[in-house]
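As structure tokens, here come the structures.
Both complexes shown next keep subunit A, but they swap its partner, so subunit B is in the first and subunit C is in the second.
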Partner chain A sequence: MPGERKAIRKRIVLSNTNALSVQMEDLEKETLTDRRLIGSVVGLPENVVDSLRAAEAFRPTQVWGLFRRPGVLIREESVVLGEKLAEAEETKGSFRMVIDGDRISGKSMMLLHAMTTAFLRGWIVVNIPDAQELVIAGTEYAPIEGTSPIMYSQNEYTANWLGQIAKANNTVLHGLQLSQKHDLPIPIENDMSLVRLCELGARDKEVSWPIFKAFWSEITAAGRPPILVSLDSLGQVLQTSMYRDAAYKLIHSHDFAIVAHFADCLSGKNRLANGGAVIAATNRSHDPISKSLELAVKQSLEMKQGGKLLTKRDPYEKKYDERADRVLQGLEILQLKGLSKVEARGLMEYWAKSGVFRSRVDEKIVTEKWAVAGNGIVGEIERNALMMRI
Partner chain B sequence: MVFILGVSFHESRLVKKCLETFYGIGHQHSSQILAKHHIFPGAKVGSIPSKTITAITAELSTLKIENDLRRQLRDNLQRLKDMGTYRGRRHAMGLPVRGQRTRSQISTARQLNRIERRG
Partner chain C sequence: MKVAWVSHGLRDGLRYASSSLPIGSRTGLRRQTIAKSLKQLSTSSGLRGGIAAPEVDFGNPRGQEGGEKLKPELIMRLVPESPSYFTAQPRFTDNLLQLEHLLQRYSSLPQVQPGEAPRIAWRNLLEYRNAVGEAVKASKYHMIINILNRLNQIHPSVMPAEVTEAMNQYKRVINPLQNFQKPTFVDQNGKALGVGRRKSSTARAWVIEGTGEVLINGKTLAEMFGRIHDRESAIWALKATERIDKYNVWALVSGGGTTGQAEALTLAVAKALLAHEPALKPALRRAGCITRDMRKVERKKPGHVKARKMPGWVKR
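Let's look at the complex of A and B:
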């Protein structure tokens, strides 16, 4: 069967009946910013799990399949992020953030946490699960008529994406109805719900991009809930894509309508009028190296730490991307490091309770695993405590 | 079944590979044709609109491919022979053309070098 092996590879198992059931608190709207929970693993509520799954927030590389039900570790950074999101909702403001950190330091999980927070708070979540899919020339593309310079739409991806958005935000979008007049290629009812609008776009890929634009103008209209726009693997969309234009030149990824839309959100050009956040996570495993991103991250951290710019732009470096630079200006960076020992212990106790970590969790073993894992890089702890059998 | 330049292809075949079945079109030309019509490299023949197929067929018919290209090759060899050049003679005899030794290892030349060369 075509696509069968890919389906197996990308399959996400969220429950394992062999694992022991662990008594844990469910994450709720009230406990999102609760500092008491730092270092403990909390369960994800069932309706949020459905939404997260629809939004493809779970990645096949994460080990959800070892446990009875999905739970996340609350770490210091997640509470900080939760507080920022709460503040954005209250003040109707918005922030733009890039989550960066070493390999397997939990960047995608932080994104998942942000999405969980957004779902619990009743936001609209627009997630691009893997930016790679947009730029590696794996999905169809077509120039959009009447654009100069030419922009390209990716109709099949957009249609699928609209379907995901509709499914993930079903409850919120059901309550929202069209409030504006739209000039669309297909006739629509004036008072249809936004879920219905997304579904129309998902069904007919030819009109998916105009429908997404209409959907966006609807959700940014006055009186709508805040929006979380998120993307994983930022490095992929900061340079030329692998698509070619009619003259056989490589197309820059920002010439694609979806990517350009996200880039405008990240640069602050597309304002989120009802508040919200734009969060992108980098990927240190298979993203292409983006010199612009490296520089932006470095400079942003220096400004945050010392308030003084130490790293200057390298005048001899040719690989900076001008269009990426414009997007990355003045971004906030959330730098993920290793877990603290308290957090590591909380995580390991959860593993032990689930029956997958067969050893006593004491000071000694926590310190050992923590140290071996490069001072608590969470994926490394998982590797040497959970995956490795000696 | 989809017809490109009079040849039928199954819907599940890649457009790029279908184009490369024509004599004279390789990776470079097929990629350029795909780019010109905004078709991504993984596209299957069945998934692209018939308008695009017609456009591709129209474009292919302007190119020197298949029998035209084979004829050109034969004409070139015939010209060499008619002029009485050494290269023409060697082609006609089915021997190496560019000064290789003939004591051993000339199977490729035996196979290919002839005036009525296949392609």
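Let's look at the complex of A and C:
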């Protein structure tokens, strides 16, 4: 059957009945910023799990299938992020952030935590699960009429994406009705809910992009809930894509409607009027190297640490991308490092309780795994403790 | 061989003087034997035909043709340096006789307790053979070594200079038994430096009391080594002694590949750890962190594709 093997490869198993069930607290709106929980694993509420699954927040490379039910480790950075999101909601402000860090240091998990927070707070979440899908010429594309310079829409992706958005934000969008007049290629009822609008777009891929634009203008109208716009694998959309135009030249990824929309959000051009956040995570495994991103991350960290710019733009470097540079100006960087020993211990105790880590969790074993994992890189601890069991 | 120039009248008196010049002696081992051999020279004024070498014929000393041949003022003939000349290995025989003589003379001197004599590395058989230029058998050389060991037993306070000098002839230039490891120490800041090597890699590790943080060339273990096996190798000394949570490591490593670098670090960390806790040495030895693995890449040989591999057979 076509696509069967890919489906097996991408399948996400969130529950394992062989695993021991662990008594743990569920994450709630009130406990999102609770510092007491740092270093403990908390469960994800069931309705949030459904939303996260619809938004493709779970990745096939993560080991959800080893445990009875999904749980996340609360670390220092997740609480800080939670506080920022709470502040954005209260002040109706917004922030733009890039999550960066070593390989398997938990960037995608931090994105998942941000989405969990948004769902629990009743935000609307617009997530691009893997930016790679938009630029590697794997999905169909077509020029949008009447645009100059030419923009391209990816209708099949957009339709699927609208379906995901509708499913993930079902409860919130059910309560929201159309409030504006839209000039759309298909007739729509005036008082339909936003879920219905998204579903219309998901059903007819030819009109999916105009419907997404209408949807966006609806959710940014006055009186709507805050929005979280998130994207994984940022490096993919900071340079030319693998698509070609009519003259057989490579198209820049920012010429694609969805990517351009996200880039405008990340650069602050698309204002989130009701507050919210734009968060992008980098990927150290298969992202192309983006010199612009490297420079932006380095400069941002220097400004944060010493308040002084030490690294200048290299005048001889040819691989900076101007359009990416404009997007990345003045971004906030969340640099993920290894776990602290307390956090590592909490995680390993959870594994032990789940029955997948079969040794006593004491100071010695925690420090050993922590040191071998490169001073607490969480994915390396997992690789060392769970995968390498002999 | 030596050449003796002796006049008729002065022959007896001059033999000593002329023969004290060693000619063509390459090593101290040969020079030793000369003085002794002089005793063997005859003092008779007549020629001993049939035993000694014939006299050297210089022809006419003045260079005149047809004149009456005069009786030469000087008689010269080749005389063996030592009476051992007629044995199969004369220099070895000389050496053995000299040592036996020394042993006989000083055998009554007080000795040290067995096992307390200073350890000396004698020249091995090959070096000795090269020095004397004779095909000495191992068992024969062993006789010399036995005597040397016995002479070495003489108490140092009464050791005659003559014996010391004789023994020095047989000592190796560099005594590996006196090659002591430099002691590592903890400096005033609490750091201890250890150096380790493996294959082509060299590692320096500074170990300090801490909480288990490891930085190698400015990178964490995970960034430095992809294989978990290598990461464990690098801090194996700490892991085997259950000290990971008690020390921090800051290391520099260069040369070689990943395995070599990781295992060079094992030794470096172990040595630095020993400076902090010398009592851990047996535990570290059991863990294999003390002994340097001396194996290196074997050199390529001519005619071979690699060190041992031979080219395949080709039909002409």
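To be clear about the criterion, the second predicted complex is superposed on the first by the 390 of 390 C-alpha atoms of A that agree within 3 Å, B and C clash if a C-alpha of one lies under 4 Å from a C-alpha of the other, contacts with A are read in each partner's own complex, and residues count from 1 in each chain.
Here is the rule we go by: contacts are C-beta pairs under 8 Å (C-beta built on N, C-alpha and C of every residue); 3 or more make two chains touch, one makes a residue touch a chain.
Predicted model, so just to flag it, every value in this text is computed and none were measured.
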Partner chain in contact with A:A246 - subunit B first, subunit C second, else both or neither: first
Subunit B versus subunit C as contact partner of A:E363, first or second or both or neither: second
A:M388 touches, of subunit B and subunit C: first, second, both or neither? second
First, second, both or neither for A:G374, with subunit B first and subunit C second: second
First (subunit B), second (subunit C), both or neither touched by A:A142: first
In the complex with subunit B, residue positions of subunit A that touch it: 2, 137-143, 152, 243-248
List of subunit C residues in touch with subunit A within their complex: 211-214, 220-224, 228, 231-232, 235, 239, 242, 244-245
Residues of subunit B touching subunit A in the complex: 12, 31-32, 34-43, 47
Touching residues (chain side subunit A, partner subunit C) in the complex: 102, 338, 341, 363-364, 367-368, 370-375, 377, 380, 383-384, 388
